[in-house]
Amino acid sequence: MKKLALAFACTAMAASVLGMTAMADDNVINVWAFTDEVPGMIEKFKEAHPDFGYEINSTIIATTEGAYQPALDQALMAGGEEAPDIYCAEAAFVLKYTQGDMAPFAAAYKDLGIDVDTLLSEGDIAQYTVDIGTNPDGNLVGLGYQATGGAFIYRRSIAKDVWGTDDPAEIATKIGPGWEKFFEAAAELKEKGYGIVSGDGDIWHAVENSSDAGWIVDGKLHIDPKREEFLDLSKQLKDNGYHNDTQDWQDAWFADMKGEGEKQIFGFFGPAWLINYTLAPNCGGEAVGEGTYGDWAICEPPIGFFWGGTWVLANKDTAKADAVGQIIQWITLDTSEDGLQYKWANGTLNGEGGTKDAVASGTVMAKSDGTLDFLGGQNMFDVFVPANQFANGKNLTQYDETINMYWRDQVREYTAGNKTREEALEGFKQQVSENLGIEAE
Amino acid sequence: MKKKKSLSYAKWGYIFVAPATIAFLIFSLYPILFTAVLGFTDFKGVATTTFHFLKDPFENYKAILSSGLFRKALANTFGMWICNFIPQIGLALLLAAWFTRTHHNLKGQGAFKVLMYMPNIITAATVAILFNALFGYPMGPVNDILVKLGIFAKPVEMLRNKMVARGVIVFIQFWMWYGYTMIVLISGILGISPEIFESAAIDGANGWQTFWKITIPNIRTILLFTLVTSLIGGLQMFDIPRLFQNGNPDNATLTTSLFIYNQAFSGSYMYNRASAASMIMFVIICFFSAIMFYFLRDKDEIAENKIMRRQEKEYRKQLKAQKRMEAGR
Amino acid sequence: MNRKKLDLRSIEYLVCILLAVLSIFPFWIMIVNATRSTTQIQQHAISMIPSTYALNNFKVLTGKSFKPIVGFTNSLIISIGATACAVYFSTMTAYGLVVYRWRGRQAYFTAVMAVMMIPAQITMIGFYQMMYRLHLTNRLSMLILPAIASPTMIFFMRQYMVGALSLEIVQSARIDGAGEFRIFNQIALPIMKPAIATQAIFSFVSSWNDLFRPLVLLTNQKKYTMPIMVSLLRGDIYKTEYGSVYLGLTLTVIPLMIVYFLLSKYIIAGVALGSVKG
């Protein structure tokens, strides 16, 4: 009997020891993000505030495999000392955390000691990021630091070869407005052996966020005509060989940025962050003349759209509300030259000459300079600031990431000729209804 | 007095099986019952903890059984299992026959066995991601080889093809498990009494005849055991399809476990439907287990009786010993 | 030896060698690519010659929340804990079944066989909900304690014990005045050593390789096991760092391979032993 008791005591002890390790230090702030962007910012915040006194423990899980959301959801639900204090959400699923299923976990900014109203108006923060970040009770729970209005980002050398000019104003009239002109341009490019985009994913983001309604209307799956048209646009691209048939975020897509794909690719659709974080690191060089560096320019896209953006939220159960509030305010609402957004817009966060981005604060944008060597000296803000008018939260839903994944997969089946248009639509509706419990209209 | 003694030993039997029983009740039985209950409720949504029973208790079951995706997942799971099991058992039998031959033995058997079994112990998650990288596009090792050999003119995005994606998973399963099956069969064949083989040799049976007429019938139970455990393992396939292609393309590699996981732990967190699907899988697995136990039943009863008899003998011996001791005292 | 026999044998050797190569080749590519830079891999994905970028890849890897030491430690705690629980308590249960005669013993054993095939996945939703409600998610112990009830192992241990443990020994120990637990711990356990070794290895490997339960139960990255970390390797954000992916995979494989090649004799003997139970 003693032995049995001993054995039980041992296991119980082991259990409690293991349980104990769950106890965290009091001065650790847990940050969950899907890129290293926000954790990197917070590191800089700490450098600038040596007496801040908190350690950062960041968890970074990429969204590419759809792994981030389930992990974050469960971490929030599990609660306790190790629960996220600050967490990030992307445009494709932010509504779930600000207004949808997970909204009850988000802390109101004002409860973090942030003077929301004053700072919002002082900073002239883009209204759409405020709308998306406001919960059903009318409290602001999340804000982005970027403005993610989109442009068409193209190769100057190819533009010159095909149209004899690389002037953004002229190229904008070649590829747009509207998809019809875009496809005319695609045909012209094809004659010279170029593809207009890398894959159908490139035009998807433009289609997605220029549509009038989102995937879910009144609790039912709604396929907006503009989104349904994507089937045809994608098919047209594929059948005519206007692209390299790559998938975004896959190797072949990145290879096209370097100009090493099957054929040279003219351009990509994207907001400012695509330039900094995707095109520049994958262009095969770090100075003009290396790879495709410096061979890029941006112009108005055939249709207005926005894509992505990161919203920063705080856990309502955080024990470090003040510290969390300081960080969040610095990232999203501090529009001084010491604030994150100014450094972000001007590429000075990690020292001079860093990557630049369009930010949410109009005040900051007004005093920032978006000139980039990568774009051959073009000031990207000239295009992105007007583009931001297309950014809105009207067609977002909380399940966008998941639904988009299903949609894109079915569209690929259709364009590859494995399914008819009808079958693809059916397959899509089936997945949404069976995996999410959302029926088609 | 003696009777009391044996009764007090019986108490120890209960004590010894208690820990495992308690752990089973807490960590297996209760969760199963809880899952079963959830299958009849409206319990879904990420942040909810309350649930209500449905008016139509079988609503979730109906939803799952009429679900095209679940059927597809079931078909994929069985399909991929069959495609991997047939060549697996075939190759394993062949190798087992070679390795158990008494004449003209192959040299280096030990090393071959060690290498062939190796993939079985490697983490399935690692293997899935490794194969995903190997089939990378445009520049993965497989593409590299095929282009170099001139089989492909240019790199091909092979995994977008449903049959290739399924085929790779089938291959991974086959590759990870044939070594295991082989070793199991070898031990089965070695367990056959050598006299049977000798008398077959005297009767003039050739190798082929011996294999089909003697070896196979004598390892019947082991073959059945392998079949059923492999099937039940196959029905749980999760790590590889999830990490290899996450069920894609077009759900061609969606398995039932992945389906259940996706229902319960992503999207809109439909614990209720996932519970119903779990219970359906439970029934399927019980069905196959029952078949196996039906065929293995006799053997176990015999073993059981043998133990009983021996214990009786033991008991009598014990009585005798005690009597002798008493007499001696 | 006639010509036909010779040909047949060379075919047999050829097949065996091919299969052996097939077992090694993917891992060889993996290990070599772990030392090459992503650029090198993207130019030529296959190379037999290692390069010098392992350290570089390691830096990229640790930058992606891949913490091999954390994952390794957690996996080790879970695997050792679960294995110890499973082996000790299964042997104990088997002992209870073999040595003592008690009412319901037969039914108990039938029940053990009946629940043997229930996979953890079936119970997962209920298990997760129970853990969530009790605030026990993120506890490694919750992945260890369920191993106390391992029906398959109880079955195996019982089958082995019936043949290996003679009741006379138990009886004579009793006469010497040993308590029941002492008899179990000091006499039965040593006799069961071969079976324990075999089962311990399999329990350890399957616990180490498990993805499903940790994936559902553990959300705190300090608690992540090696397979969870592996599962997150594929997701890359701004570009695919193949070198570091291969390195991460290699780090998970190397310890397993070392253990395997050290113990391969016993492992293979164990597989053979385990199969006779049918």
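Letters are used for the chains, namely A, B and C, taken in the order the chains are written, and counting of residues starts over at 1 for each.
As a convention for this text, a residue touches a chain if its C-beta (ideal position, glycine included) is under 8 Å from a C-beta of that chain, and two chains touch if they have at least 3 such contacts.
This structure is a prediction, so every number in the text was calculated from the model and none was measured.
In terms of C-beta pairs in contact, A-C outnumbers the other of A-C and A-B. Farthest chain from chain B, judged by C-alpha centroids: A.
Each chain gets one centre point, the mean of its Cα atoms, and the points for chain B and chain C are 14 Å apart. Mean C-alpha positions place chain A and chain B at a centre distance of 42 Å.
Multi-chain contact residues of chain C, defined as those touching 2 or more other chains: 42, 89, 132, 145, 148, 184, 216, 231, 234.
Residues of chain A found to touch two or more other chains are 1, 4, 7, 65, 74, 77, 250-251, 255. Counting partners per residue, chain B has 15, 19, 136, 139, 265 as the residues that reach two or more other chains. Interface residues of chain C, counted against chain A in their complex, comprise 42, 63-65, 77, 81, 85, 88-89, 132, 135, 137-141, 144-145, 148, 181-182, 184-185, 216, 219-223, 231-232, 234-240. Those residues of chain C lying in contact with chain B across their complex are 1, 5, 9, 12-13, 16, 19-20, 22-24, 26-27, 29-30, 33, 41-46, 89-90, 92-93, 95-103, 105-106, 108-109, 113-119, 121-130, 132-133, 145-146, 148-151, 154, 159, 162, 167-168, 171, 180, 184, 205, 208-209, 211-212, 216, 226-227, 230-231, 233-234, 242, 245-246, 249, 252-253, 256-257, 260-261, 264-265, 267-268, 271-273, 275-276, 278.
Chain A contributes residues 1, 4, 7-8, 65-66, 69-70, 73-74, 77, 101-102, 104-105, 245, 250-252, 255, 261-262, 399, 402, 409-410, 412-413, 416, 418-419, 427, 430-431, 434-438 to its touches with chain B in the complex. If you check the complex, the residues on chain B that touch chain C are 6, 9-17, 19-24, 27-28, 30-36, 38, 49, 95, 98, 104, 106, 108, 110-119, 121-126, 129-134, 136, 139-141, 143-145, 148, 175, 179-180, 183-184, 186-188, 190-191, 221-222, 224-226, 232, 235-236, 238-239, 242-243, 257, 260-261, 264-265, 271, 274-275, 278-279, 281-282, 285-286, 288-289, 293, 296, 300, 303-304, 307, 310-311, 314, 317-318, 321. Listed in rising order, the residues of chain A touching chain C in the complex are 1-4, 7, 11, 14-16, 18-19, 21-22, 34-36, 57-65, 67-68, 71, 74-75, 77-80, 82, 249-251, 254-255, 277-278, 281-282.
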